[in-house]
């Protein structure tokens, strides 16, 4: 499956990457890496020669803390590419920029439903899979996805779920369902002022609609009305609507006890995550993550090449690089979100942690967000703002 | 006489040509990069641009009627007015005594007082806001001190509340109230006050009957300078408020960037601008053109 | 009377305290060794070292400076033309024109920034430093015009005529007489234009392109993302010292102008 | 060859909107003449001056400098100097730089500029002030700088637009003498605009009196004083004047509402006015040896320093009489006193009524 050369190549990336960033955060597997180091240094020289000539620049737009930056720096240096690496904190930001068709980015990471929206607007460049030989390492489950048949515009980046992260020392009984955060006589009342819902309305709508047994993508007035009434009743008991940065800090400090969160963020708390340091051993034992039993929204992030990209060759080369199993593995153990191509190369405890690698049988049962029309989004926004104003 | 001379002579002779030459470049710039964008907003708001950014000639008022019939929007709109109103009031309550004190009671080093007052406003708006976030944070030393002095028994949560938004607004806009007030009080003929007291008015009566009415222009200028920008505030509620403390600026942003419904967003934007402009027009009608000479 | 006076004095002191304490606290805690925002443990420059070692900060600072400089020069030229037209000549539609100049100052910046962004998108203009600069100029012109107009009232046009009687042509008159005598107005307007551009967040946020960040954008992304942190304390204190340098420069310049 | 004129205006017209500021003005100003344009404010004198300078372009007519048509030549190419009403000194330059400006524009070598500035500073008596800033100078000193700046370029014509208006009386009187002296030294045509007849009378070789954009009279000071060409000039020049309208009865005899007035002989017809300067009128209880004699009642007697001004009511007309002479000051006719007022016939001048 994976040849030796690839392994060395990637290990080189990892080791050199660590050398750039310092090895302070590297905790386990140190021996393995050390032993490879000598050969790796040799090989890395060849790598530089062997690499095809790429355009001098690459502008990347990705979520914050969502890759191993050392590896990116190393690749850039190795290929003589100047990388501009910009980050965003919400879907809105990336879609707003990409829908212009003149964003100036050569590569971006976009979730499944906005991806369809962008593809429909015609602001994405087609992906040439021939230029991404490492695509073969992507498990079949993540090829030819429902939201992008034939991988015309996208290649899988990472995936996960939006559920509940919670403090298992303070909260009891354990969190199992949306009902826990929507019903006052359960955790909602008990932990008043210590619970947060997600700032992204798609996620919070989804949670409310799933709890109500409705389609989480519904845009029917009666569904939205009911969801908003539910959320309005919930609101006085909440600490607020929190974004990644807020709930991660709040859960860690104990200010929040239950937060509506992405699995990878919670995994990042459990193991600690960074964008330069690799850590594997557990850090916070008292944080747990649950996919509520009623079901939850699942999502997949994908590489896309925006329209107007000037450095398409380099973009493909970069995708290919990240899809290298060991690079994917390094990214996975860095940010604690799963990179499918690297599954076989991550340490066992991470591979088998359901918080990071959502079990496949579970993924099949979850809900996926559907792309909405502007009309539908506006309708949802109107109800949502009513909640905000309440 | 060369062509250049003829041209120069023509320009020299015609004032209108001179004016045109001076005005054309800045006006073209403003027209293209300030007014034309609002034309596009207008087109969107009347549903005259479709999703593929093509202009269609079928104007419609659907987006306006949608915004106007939308209770969520009107709620947030009212909240913005309320926040801005409270902000003006607090700025006046905090600012008037300060301006009055410096203008009337300080004899020496008035300039020093005023410069001391202005120094915090030299710091950029964003940093000032951030500095306030440091105080409002639950983890701040401010809370610690209050806790250790047993004034409170649990940390005050101000961050991400209406109070935080208003406090930070007052912090940022106070200068806009104090400076026009101070300028006004300084110009006020102080012999009038002496005249009032010779006529038997006590300090309170003098203040209410003479000083206050005479300082109305300053108050009005301060009102405009504080109210207008604070209604349209976006950064402060975004940083120190949560979604529950949204103001108009934030819902415009939300509709544009979140719902990506440029049509409704444009209608909202146009209505908001119309509101602000009518406010200014009413102000000018009431106070006169001088009111804008800042 | 005494009571009123001491009440006012205490009140004023309290207001000054309100104004200064957040900034002073921010600066103090930027030197705190621990990450705590509540207790000052030990004096340390480590957060500053972090900020100074961050190339993003330096690049942003550099960007802010050159954008500010370009914006200032262009807005000064355009604003000066406008101010000269309205202060020197009377023409039909002048009142309307003057209100058109004021509108960019009045309209909420978020509405203005979004509209400009929409236009860039509508016309397929790629976002980047140029679009940021255009956006800044679009509102700076108005501020420059207003400041210049205020300072040009009472400007004695006859000194230009004097220059012409002495043999200076239009260009010589402009560069040797008009510009130098307007120097205080130009300085005041220029400093305002630069400050507005240097501090601008909203317009920049919506009109910037890949990798192009100004200092406020960096501060904003940290503040919006993580709230209060010692790194941001030191970055803000660092930015604050730059603002102060400007302000002092400005004050000295105005002092010198103020006869 | 005819006489050389430094400035000629031929049928010059300038309109500002519907207002005619300069109305068909013809002027011939001689070389090295001190020429004044005198008139009330708004009479068009400043506009006329600005047309000569080229700061305003005439709508009609021709401007000539030393016989050369300069109507289409811009200001900076006409070799003229101008002193402005508010002086218009360059505030950002010191005395030397102000004066040297015109020389620099003429691209003179640095040494020559220095020499020229020094020379002119001597003439205006400002030696040693080269490095002073403008706001460090007194009003009179600023005046001299403005003059020096305009003179240093050796202009063909020096134009002065009410330059003394801002000065107080003492300095003004002093500057008047000074100006005249300077003019004699530099030997240049001075064209001086003023509304102050004293200034015009004191300094000028000739005066043009303007009203409503038209030239009313051009002449030497004595000429315009004693031989005004119309009632406007008569009443504008001098402290006060008695003008009595009437009709020519026969040569030298005018029938007025006071009765017949005998005048110096002059051929005119129809409606005229008779001008009598107040200082040429005698006032006493009894007067002999005059051609015109009227009885009147003193309305007011105003002590004016060197003379007494009487206002005498003669048949409902107020007649002004100036009585000079120390010996008379002791004897003042109080209001209500009946007096005789009289003058010789060559003191009453027939002038046409101004239309």
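Going in written order, the chains are labelled A, B, C and D, and every chain counts its residues from 1.
What we mean here is this: a contact is a pair of C-beta atoms (placed from the backbone, for glycine too) under 8 Å apart; a residue touches a chain by one contact, two chains touch by 3 or more.
What you see is a predicted model; the values in this text were computed from it and never measured.
On a Cα centroid basis, the chain most remote from chain D in this structure is A. Legend note: the chain whose CA centroid lies nearest the centroid of all displayed protein CA atoms is C.
Counted by C-beta pairs in contact, the busier of B-C and A-B is B-C.
Per-chain Cα centroids separate chain B from chain C by 16 Å.
Distance between chain A and chain C, defined via averaged C-alpha coordinates, is recorded as 38 Å. Separating the CA-averaged centres of chain A and chain D is a span of 92 Å.
Listed for chain C are residues 121, 224, 227, each touching two or more other chains.
Residue positions of chain A touching 2 or more other chains, listed in rising order: 99. With touch defined as above, residues shared between interfaces to two or more other chains in chain B number as follows: 8, 12, 139, 256, 262. Chains touching one another, given as pairs, are A-B, A-C, B-C, B-D, C-D. Residue ranges of chain B in contact with chain C, taken from their complex: 8, 12, 15-16, 18-19, 22-23, 25-27, 29-30, 33-34, 36-38, 40-41, 44, 49, 53, 94-95, 97-98, 100-102, 105, 115-117, 119-120, 122-135, 137, 139-144, 159, 171, 174, 203, 228-229, 231-235, 238-239, 248-249, 252-253, 256, 262, 265-266, 269, 272-273, 276-277, 280, 292-294.
The touching residues of chain D, counted against chain B in their complex, run 57, 72, 74.
Chain D meets chain C in the complex at residues 53-55, 74-77, 80-82, 84-86, 88-92, 101-102, 105-106, 135, 149-150, 153, 159. Considering their complex, residues 51-52, 66, 70-73, 75-76, 79, 138-139, 160, 242-244, 246, 251, 254-264 of chain B touch chain A. Note for the complex: chain B touches chain D at residues 1, 8-9, 12-13.
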